[in-house]
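First subunit A sits with subunit B, and in the next complex the same chain sits with subunit C.
Entry: the complex of A and B
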């Protein structure tokens, strides 16, 4: 187990040296700093009486700060879920190909690390990186608005945690792909395809009803069954962030399903990794 | 191979767990309709209501100014009010979606003796009244009162006196049991005017027939939209909130001149109130204070778990006016909320009626 965490930690060190991730954290910081300086909120007893962005009036309406934050967090959660998943699918696509690169993999296999530990350690490293990015962004925005309005609403962190579980499912597909075809491009593309399939799977029942009865409809229904419901998960994340109600049972099933899917895909990768000669 | 078996089992378990987990259906929230401008139907209705009010014969040698047809209710409006002038489209409200319940809430289920007496006197409020206007201390009711038997409501022994005034007006005087007198006026079998003394009633009739001083009415045709419309001065509003918030009351007195009010009760109840400023700076302060108060009330309601109240407060808005330095206050009561409130009102009314009936029976028993 210790070896697995060491692999994950090594991956984080490697990520820190990459420009992509520096750019990700830099961009999040820049957005927060710009918002911090340009967003002027006039708060009276918990209500936003006036708001200006870059000196222009945003709204003439007096609304409660809580309502504004809920609306803003809902939009941010959706954007972060889809935008973050897309960006990370591309940015993380070459970790696995580099791990399996000739020369490096032989070196890693010569170390006292089990293959499954190498695999799960890589996965853990990448998803930790995604967690750091999303919590940094969500936490930063929460603190910024908390300081400006005096109201501390931590729901965006919950929303981003749900979004992170969705990314785990995406990355499990990306990582597994590399044990069959070592290609960063294919890995990234399949990550995006999984995201799209995840949205389609979310509307599986509505779509299948619209399809004409027959083998096509049955195949579609069965094929979509194991795919994580990423579209629904995005809605759940946005609802959580925006303090809107969610059905707890459904949220649990979705999160559980996503985690189980990720482990299942990693098991396929482990099976392939154990059998592969380098 | 163990890994593959594990993967297959996990995929199966995951699929089973996620089945049917589609995005939750959420009923779209229908916005409460707010009366922000006059609709075509309201404009047409206003045109239909214009009446050629009686022409006052000029003195010899004086050329009479041609008069245009006017809505009788708007014609009685003075150019200034102390407290306010508000018109309610009584018939339209009673015939709206909520009208049935409102009628039961106001008048009971027809067993009410006062309602029955009104009906017997040809003054059924559910079918004979068109509009009700409150102008300071006066009440103006329009409708079909051609066959109304006013005298049935005079105290026994009193001898009501009626005298003609103007072209179609009549002033009625009734002696009360305590020796004092009550006066009210009627006009052309379609208007009932009460409140104030004889001189004030005459002023109202003069305005109606165009024989009094002419000024800009406080409520004109351009304001006649929504089921309730009119102008309320800042004083009664300040008096209303003084007990709970004296600071807000004094701010209202200092900052707001008057408030133009429009309410729509077609389906939900939507209210728009345009506040006219008396001082631009303090009016802006009032706008912010009201917005903050609404927001605070919403948060408190949400914190206490009073969801209905929080949802209603959520519909309330304070907007800065496009021009003029005033602001607009918007509020809405959804149909479901109003329906529930009226149901409670009907139940309470029935319980009151039951109590009254049993009280009367008990009194009768005591007498026996």
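Entry: the complex of A and C
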């Protein structure tokens, strides 16, 4: 286990020195700092009486702070889900190809490390990186608004956690791809394609109904069945962040689906890795 | 003497989807005694790197037996006792040399102090390198790879082109390091295209060609496993050519095995010739390799 955590730690160490991730954390910090200095909220008895951004009045209406935060968190959760997934799919696409590069993989495999430890260590490293990014952003915004309004609403963190599980499913596709074809471009592209398919899968019933009956519709239904419903997961994450209600049992079903999907793909990757010569 | 590694009837076949594929190793049988410095030589495509990868468990053999340090190379406890430097090592560019050594140490189950890591960097001439690996020269990368291989004083060091990219003076330093490791008692398996380097470091050599072991023995045996003899006659050598001796620039020589040589000597003596010396003609590894290559092409 120690070896697996070391592989994950090394990946984080490597990521910390890459421009992509420095830019990501820099951008999140910049947004938080700018908001911290330029957003002024006047809160009276749990209601926002006035708000200013860069000195200009945003609204003169008196609205409940909870309502404002709910709306803001919903939008942020959506943006973080799709933007974050897209960015991370591209930025993390070359970790596995780097690990499997000729001259590196032979060295790693010559060490007393099991192949599954390398596989899961890489997965763990990338998803930890995604967790750090999303929780840093969500946590920072929560604290910032908490300090400014005096209302501590942690739901954005909850929404981020749900979104993060969606990214885990996405990355399992990207990682597994590399054990068949070692390519950062293909890995990144398949990550983005999975995200798009995940949105399509969320509307599979309505799309299916719109299609004429026959083999095409059946094939579409079967093809969409194993794809995690990432579009619905984004809505659920946004609802959670915005303290809006979700269909009972929906969160559990979607999270369970993503976890099963990830485990299935990682099992295929492990099976392939164990049999592969380098 | 105990064996550090041994393989018997080792076959490795890389099948392809649409063809018979390539047979990299064809029934290779070889053993290396503990504490030896064994040089593996052979032309490109001889199967040297595949053989090394089989020893490390990176490539699984199609058939045959492999024993490394008394166990199976797939066994993690066996691999913990091996140090390996791959040909053209790919290092994580964003890390610093010390970070990389620390990472390899942890993966090897070691926990060296900062001072110990510093000492290892000093040993390979990288004590003052504070920059990231991405900015390292080829030679510096090779030195770092060597340091990683030597971490934890492994019982078996497998080095694939260890001086590739290192300047001539650096090569002398690397050679000294390998000799130090050998003196410590480590078994060394060296795969190098630099035959002079193999001769200087190794006491045993194996010549691999088309996935088979063509020659194996101590350096002396290989050099003298010649079928060429230099012969000196006492007083004149009229008629020596008749007995099969060939006149060269520096005297006579004879080509053939020991039995043929004795027959030729008997024939020469029957003609009244006196022989004062018969010396096997030694060759360097380059000559051994090109001779083998020539005989293979002739076939």
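Operating definition for what follows: the second predicted complex is superposed on the first by the 277 of 278 C-alpha atoms of A that agree within 3 Å, B and C clash if a C-alpha of one lies under 4 Å from a C-alpha of the other, contacts with A are read in each partner's own complex, and residues count from 1 in each chain.
Convention: contacts are C-beta pairs under 8 Å (C-beta built on N, C-alpha and C of every residue); 3 or more make two chains touch, one makes a residue touch a chain.
Values in this document were obtained by computation on a predicted structure and should not be read as measured data.
Chemist: Given the alignment on subunit A, is it a clash or a fit between subunit B and subunit C?
Modeler: Overlaying the two complexes on subunit A (C-alpha atoms) leaves subunit C and subunit B fitting together cleanly.
Chemist: Rounded to the nearest 10 degrees, how wide is the angle at the Cα centre of subunit A between the Cα centres of subunit B and subunit C?
Modeler: Given the fit on chain A C-alpha atoms, the answer is 180 degrees.
Chemist: Could you tell me if A:214 is touching subunit B, subunit C, both of them or neither one (first, second, both, neither)?
Modeler: It touches nothing on subunit B or subunit C.
Chemist: Which touches a greater number of subunit A residues, subunit B or subunit C?
Modeler: Comparing subunit B with subunit C, the partner touching more subunit A residues is B.
Chemist: With the two structures placed on a shared chain A, what shortest C-alpha distance in Å links subunit B and subunit C?
Modeler: Distance of closest C-alpha approach: 16 Å.
Chemist: Spell out the residues on subunit A that touch subunit B in their complex, using ranges where they run on.
Modeler: My answer: residues 44-47, 49, 60-67, 201-206, 225-226, 228-229, 231-232, 235, 246-247, 250, 253-254, 256-258, 260-261, 263-265, 267-268, 270-271, 274.
Chemist: Applying the document's contact rule, which stretches of subunit A touch subunit C when the two form their complex?
Modeler: Residues of subunit A touching subunit C: 2-3, 6-7, 10, 13-14, 16-18, 98, 101-114, 277-278.
Chemist: Which bits of subunit B are touching subunit A when the two form their complex?
Modeler: Residue list for subunit B touching subunit A: 1, 3-4, 6-8, 10-15, 17-24, 287-296, 298-299, 302, 314, 317-320.
Chemist: Which stretch or stretches of subunit C touch subunit A in the complex?
Modeler: For subunit C paired with subunit A, touching residues are 14, 53, 56-60, 76-77, 79-80, 82, 84-92, 94-95, 99, 103-104, 106-109, 132, 145, 148, 158.
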